[in-house]
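Per-chain numbering from 1; labels A, B and C assigned in written order.
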Amino acid sequence: MGMSTFKNIFLSAFNYKTEKYDIVENNKVGILYRVTQLCLIGYLIGWVFITNKGYQAVEESVQSSVITKVKGVVSINSSDTGFSLWGPEDYVVPAHGEANFFIATNVKEIPNQTLDNCAESDTVPDGRCRDDADCPRGEAVRAGHGIKTGRCLKGTCEIHGWCPDEGSQKSHVLGKAENFTIYIKNFIRFPRFSFSKSNIRETQDKNYLPTCNYDESVHPYCPIFRLGDIIRKTGHRFQDIAQAGAAIGILINWDCNLDLGSSQCHPRYSFIRLDLNTNVNSITTFNFRYARYYKNATGHDYRTLFKVYGIRFHVMVHGKAGKFSIIPTLVNIGSGLALLGVVSMKS
Amino acid sequence: MGMSTFKNIFLSAFNYKTEKYDIVENNKVGILYRVTQLCLIGYLIGWVFITNKGYQAVEESVQSSVITKVKGVVSINSSDTGFSLWGPEDYVVPAHGEANFFIATNVKEIPNQTLDNCAESDTVPDGRCRDDADCPRGEAVRAGHGIKTGRCLKGTCEIHGWCPDEGSQKSHVLGKAENFTIYIKNFIRFPRFSFSKSNIRETQDKNYLPTCNYDESVHPYCPIFRLGDIIRKTGHRFQDIAQAGAAIGILINWDCNLDLGSSQCHPRYSFIRLDLNTNVNSITTFNFRYARYYKNATGHDYRTLFKVYGIRFHVMVHGKAGKFSIIPTLVNIGSGLALLGVVSMKS
Amino acid sequence: MGMSTFKNIFLSAFNYKTEKYDIVENNKVGILYRVTQLCLIGYLIGWVFITNKGYQAVEESVQSSVITKVKGVVSINSSDTGFSLWGPEDYVVPAHGEANFFIATNVKEIPNQTLDNCAESDTVPDGRCRDDADCPRGEAVRAGHGIKTGRCLKGTCEIHGWCPDEGSQKSHVLGKAENFTIYIKNFIRFPRFSFSKSNIRETQDKNYLPTCNYDESVHPYCPIFRLGDIIRKTGHRFQDIAQAGAAIGILINWDCNLDLGSSQCHPRYSFIRLDLNTNVNSITTFNFRYARYYKNATGHDYRTLFKVYGIRFHVMVHGKAGKFSIIPTLVNIGSGLALLGVVSMKS
């Protein structure tokens, strides 16, 4: 029983089962059956494979590095503070070319502040008072600008802080800031495919970059953007938002089919205003304060405070790359065939 | 043979195969078979579809833009450097409202530094010496503060640099910094679904935003956070970490089921301390130095150096949105049915 | 008919169908059939499960927080501007330890600028002129440095701005900057698995961190990097890029199999130059300007302008964590078995 049984078991491993079928000739059921099959095959080929590129492995997390450079200059001629000139070293914050940056479009200069006693701004809720008891000495004003001295002056607490406060100064809109240019360098990398590219067009023309201006139809790959154009493309006017500021998103979208080769992988720019959901009643201005500190001849500090409103730019890079890969192809074929199989079983 | 054969082939395309089955009445195997089927259907409906929303396309890469604004003021009364006032323009770095920002909670001021010769700090390994030969003239101290002059002074090299060095000054903890408020504006966008929203509650109440304070149960959608509250929610006390600083993550989580509509898409805030894994023996303080430069009457530079310890905040936005889509639905049904089919074949 | 029919239907739910098979003994077809099956099982186990870890849920969006600290000092001895010392508070921008930071390696100092009239730089296209009509009074030079006064001086417009302009000054390469050290603290978190870790090695040796230097083979987990070493690892030489600057990516990759436990989850560092795709003819330098403002005894502003070229570092964290999960396991088994089923049906 030993050898021959073992041989039989071994050979039987190479048998295979085949099912018995009845061939049924029923045209109505048959047509329905074939149509369902065709729909499924169409769905598999058309939707899963052609439209959604089900045969590609997809990388959605792009590594991106953005460097920006703003150019342009604007002057203010104020009766209070005289002539002043604002260059990129002043109106771009931070100055060193980040992807998120702020361009001042409306500035208020409060020169010659010294540490002294004066009234708190009446826009600060905690700074309001009816009598001296509302202003306990030594306590800081919540969300305010100084330390309470214990006195109540005409409805607001007296504070010890940098005086005079900013209330009395006029602010100046930098209307010509719409002519500033923003040069955006973007380097991307899809780590899964070890693919990297930049948004700067490779050209032999030495004068292309210094003089071009981004335009969706004429210069779609020029990386230099006029500030006013960006605002206009978001559907707003520069002069409307220069006063209170805004947040603008510059979206760079890389949707790359790497099966077509590197040269077909282009950035597409779009521009959106980010702060529209903000409620009208809420604090919608985009401002911050900074100071320049000086010392006088006797070594005492004084400072110039700047309150700047402006446009906050966020360069956001969104990328997706697809490349043929065997795994998603098989998974998609597998589940597609499984659906086909289900149809066969049911019919 | 031409026409009729062709007709037969054409017609036979509408035939379909049906398998021959035996109906076996065996209750034990039958119950096992149905129970397995029910488990699989339960798994498919309950786990894949209801719990994991297998019928939705999911977007996990949210585009986010964060703007922060810190308010509050604190004073230092030092015997060395007199009265000084720290406002947001001084203690927030960078000043312009980034998602990653630093709030100084412990500051050391070294006024009136000039370029001169003095001893290197003894905490710098490369600055220690036994004799003059350890301090080669003209060489910079590795990770140090100046250029070696060639002399060894009581165990540390003499350097040419900004003197006096910071060692002798006391630092001042800004204890009242826990009352500072942080206003966080967050705008998000799910590009796949063209959906955008902000974290600022839409309300008609003009006084809501200026006066509200985030509280998990009472004001879960108020975007203004008290610094001390944030620290407390991470399980620490402000006074414990103000001295050496810390890194705090403010997580904003948008887990949005867009099938339910935009108004059901809310941010959820959570707060974690990020630097706990740091080894106790390693450098765990969070500090940096910056300087304010002045010129005296003769045009020579002097400066005030600030060494500030503080809390580094990282607003991190994590988002996920799901919306019904036909592809994942079919893939999940497909592989579910395939599993069912496998069970049928086996039984 | 009531009770017994109902009973029959109920019982028949526990019947099961079994197919009728013919066992065919055909070794050629049989061998092909088994080989195909073996290939598919091999693909399923080897590729899907072992190589691609198809049994794991994968989290690809890592939450990361990066803090950097640069140390080192360098001196400039210029015939124009005398001796000056550059410490981290001067050459690192921003100073407070961001993941994206700039280290100045080539600096030009233009001291004692005042608001005055002088010629525009001849590198600005819009500043060139043939006669006064090319320089309309009061108009800002596009991408320039001042406001046109209406006069044409030797080919370039006269401007009112900060004078003298930067053209005449020499720049100084900070050659010893290659000895600067960069300490990178990285805290990561995979929110899906509630897993967090830092890149700082847990050690009992108090002197490890202050003295170690990253080296791929000797100290792979030391988080302190010498600037020159980083550049060398990108395949370039520090002295070649110090003049014009560059953009360097420091990639930290966390590829964690959390089934193996936390201690097996390590960062891997790699270094790439990001700006290589830039065309040779385009603006490839990495520079920006900033100014220090002073007031003279009469209260007038003057300033020192710095134009700094340097290396822009981007610490980019890329993470992926996998952990056993039932869903992907079943989906992969399902579609694998579906493929197997298809083979069975065909044969």
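One rule holds for everything that comes next: a residue touches a chain if its C-beta (ideal position, glycine included) is under 8 Å from a C-beta of that chain, and two chains touch if they have at least 3 such contacts.
This one's a predicted model, so the numbers in the text were calculated from it and none came from an experiment.
Of all residue numbers that take part in the contact between subunit A and subunit C, under half occur on both sides, making this a different-residue interface. Note on subunit B versus subunit C: their Cα superposition corresponds to a rotation of 120 degrees, in steps of 5.
Rounded to whole angstrom, the centroid-to-centroid distance between subunit A and subunit C, based on C-alpha atoms, equals 16 Å.
Within subunit B, the positions touching two or more other chains are listed as 19-20, 61, 94, 294, 297, 334-335, 338, 341.
Within the complex formed with subunit A, the subunit B residues making contact are 11, 13-20, 61, 63, 65, 67, 69, 71-75, 83-85, 87-90, 94-99, 176, 179, 181, 183, 185, 187, 189, 191, 196-198, 200-206, 209-211, 292, 294, 297, 327, 330-331, 333-335, 337-338, 341.
The residues of subunit A lying in touch with subunit B in their complex are 19-27, 29-31, 33-34, 43, 47-48, 52, 60-61, 93-94, 100, 102, 115, 125, 140-147, 160-162, 247, 249, 251, 253, 272, 274-275, 277-279, 281-283, 286, 288-291, 293-295, 297, 305, 312, 314, 316, 318, 332, 334-336, 338-339, 341-342, 344-345, 347.
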